[in-house]
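Only one structure is covered here, and it is reproduced in the block below.
For reference, chains read A, B and C in written order, and residue numbers begin at 1 within each chain.
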Amino acid sequence: MQSPFSVSLKARAIACERGGRTLFEDLSFALAPGEALLVRGPNGVGKTSLLRQLAGLLPLAAGGLEAPGAAEDMPVSELCHYVGHLNAAKNALTVRENLAFWTEFLGHGDGDLAGALSAFGLEDLASLPAGLLSAGQKRKLALSRLFAAPRPVWLLDEPSVSLDTAAVKRLDDAIREHLEAGGVAVVSTHVPLRTKFAHELTLDFGGEA
Amino acid sequence: MSAALTLLRRDVILAWREGGAIGVALGFYLVVVAITPFGLGPDLNLLARIAPGMLWVALLLAALLSADRIFHNDYEDGTLDVLTTGPLPLPVLAGVKCLAHWIATGVPLALLAPVLGLLLNLPLDAMPLLVLSMLVGTPAVSFVAGIGASLTLGLRRSGLLLALLVLPLYVPVLIFGVSTVSAAVVGPGSPWPPFLMLCALSLASIVLAPIAAAAALRTAQR
Amino acid sequence: MTPMISLASPTRFLALVGTVVPWLSALVVVLLAVGLYLSFFVAPPDYQQGETVRIMFIHVPAAWVALGCYVVIAIAALGTLIWRHPLAAVAAKAAAPIGATFTFIVLVTGSLWGKPMWGTYWVWDARLTSLLVLFLLYLGLIALWQAIEEPGRAGRAAAILALVGAINLPIIKFSVDWWNTLHQPASVFRTDGPTIDPALLTPLFVMGAAFIALFVLLHLIAMRAEILRRRVRALQQTQVAHAAVAEA
């Protein structure tokens, strides 16, 4: 299994602007190792934008983000696994090649290709080009990335889209194992999961939770 | 940096496998050079004189054809987002992808050029200088194309827009690249001064273009 | 995104423009009237080129503005990227078509001036060629502004392109000069003619001042139009957002 994590994630009064409009402001939360945050709200309210901000893909309009417990000069984005709506899978590479790339690129030598392949049971498909996979299998491939390299923060945006019930259960278990190992997760989903979320955040169109 | 090499290897393999792009660029190069004499007449002396310019211009156009794939594919399937969370600073990431474009497109085009030069009656003793000037100048082509590709990421008609934005920036490369070869074909003068300028342009592009491209990528990702 | 100075506020800027425009328009009219009179009636015809030298009084000031406008855009680009000044992107967007137009005027007047001298409407001399490339850079900026819908991204992308172009312009000028000497070792008529007779300097500077004032006037008006356009867009977006909330 993975060695335990000890990284917290703290957001201090962060705000988000897109296209000149303020989506939310003065949003704060603190996740200690082992805690997870569930993000809810109607479509278009800013859940994806929040996750992208945490991943470092969208700048913060205000406030700060920190990860106490991580190495000094490590930017927060390098502590995160970001699984967004898109699968980041290359059709021309095989499943194994896709995961091997992420293992080496994100891994710093700590990668675990075998673990990633078996996480969602993709071993049988390992030699197939990713372009041939079904939507659900591609989603599993995207989620397998979480196991390609150990990172303390998981940012999951609607992770269960296209997954069948067994896969959703596997995802649920994976999140719980990650939390037990001291990891931190921020998940945006409509699907009920058995994972216990220490914190919940509901965004609405007034600007705040 | 092993992450950079991993990415470079992946990009070159992808360019090779989604093989359409390299083949199309080479094919386009061949077609443009091949139809030129129909427009200009088969006078071999004339063709020999315009050969360096023609080969360079057609190479620029062919390289631009495949330029929007430098970032577009990764942007479209979400890979770019995940790459950004990796260990490479964004300018290095952009630079590696431009380098991959050079390896997968620039170098093959440069190596094909002498063959096409035969069609235009380029003197044989100018061929080595032709290939050399193109190998040295195509990094500038790929890296500047990277700026265009990052600025036009995800836009409609991005291929045409990219060419419009980037072609004026190629004027120096074109001037010095063609002069290097022309000096061998027609004279006057030595090819080495323009050749050194070409080297300088490529080196400057390799260093500076990724900075601009990274800024443009950040802008597009928001 | 705190404004740098109070002038940065669009509302104050609009008020400033409102006050300045009438005076500036009057100034432009006066300068142009004086300049044109001096150019066409007072300045002596050139002993070599005759009356056609008068085109210089439009061609050269237009060239100053064409280049100066790009400098304005480059500075505005720094304003957008480094200081995040809210009016910087507006300034850059408004300036690009104006710069393109002045560059076009330079090219056309250069061509008309050249016909009697060279016998053709176009030669690839260093000066005109560099200005042609400048024209293409302007077109690229305009095209990029048009292509990106979201104003924030458009502003930043155009700023990056403007700075890339600014860095390249000296290199392009140098390479075009070099290319020109390579291909035309014989002396070519410089487009501003042989050394300028002092009698021609006064009309030239008056026209220069007129063109610069004209540029400032047009730029302010264009910036105002752009600010108002953005306000309309913001109002429309608010309308859409309210409708979305009402539906939800």
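Everything that follows uses one rule, which is that a contact is a pair of C-beta atoms (placed from the backbone, for glycine too) under 8 Å apart; a residue touches a chain by one contact, two chains touch by 3 or more.
Since we're looking at a predicted model, the values are computed, not measured.
S.K.: Could you tell me which chain lies farthest from chain B when each chain's centre is the average position of its Cα atoms?
M.R.: So the chain farthest away from chain B turns out to be A.
S.K.: With respect to inter-chain C-beta contacts, which pair, A-C or B-C, contains the greater number?
M.R.: Higher C-beta contact count between the two pairs: B-C.
S.K.: Please list the single chain whose C-alpha centre lies closest to the global protein C-alpha centre.
M.R.: Chain nearest the centroid of all protein C-alpha atoms: B.
S.K.: Centroid from C-alpha atoms only, then distance chain A to chain B, rounded to Å. What do you get?
M.R.: Inter-chain centre distance comes to 37 Å.
S.K.: Centroid of chain A to centroid of chain C, CA atoms only: how many Å?
M.R.: Spacing between the chain centres: roughly 48 Å.
S.K.: Whole-Å distance, chain B centre to chain C centre, using C-alpha means?
M.R.: 31
S.K.: Identify all positions of chain B at which a residue touches two or more other chains, and write them in rising order.
M.R.: Within chain B, the residues that touch at least two other chains are 222.
S.K.: Which chain C residues reach two or more other chains?
M.R.: As it turns out, chain C has residues touching two or more other chains at 152.
S.K.: Under the touch definition given earlier, write down the residues of chain B that touch chain A in their complex.
M.R.: Residues 2-3, 6-7, 10, 13-14, 17-18, 76-79, 81-87, 221-222 of chain B touch chain A in their complex.
S.K.: Okay, in this complex, where on chain C does chain B touch?
M.R.: Its residues touching chain B are 81, 133, 136-137, 139-140, 143-144, 147-148, 152-153, 156-157, 160-161, 163-165, 167-168, 171-172, 174-176, 178-179, 182.
S.K.: Within the complex, which stretch of chain A touches chain C?
M.R.: 19-21, 42, 44, 61, 205
S.K.: Quick check on the complex: what are the chain A residues that touch chain B?
M.R.: Within the complex, chain A touches chain B at residues 18, 52, 55-59, 77-78, 80-82, 84-90, 92-93, 101-102, 104-106, 108, 145.
S.K.: Help me check something: in the complex, which residues belonging to chain B touch chain C?
M.R.: 147, 151-152, 155-158, 161, 164-165, 167-169, 171-172, 175-176, 179, 189, 194, 197, 201, 208, 212, 215-216, 219-220, 222
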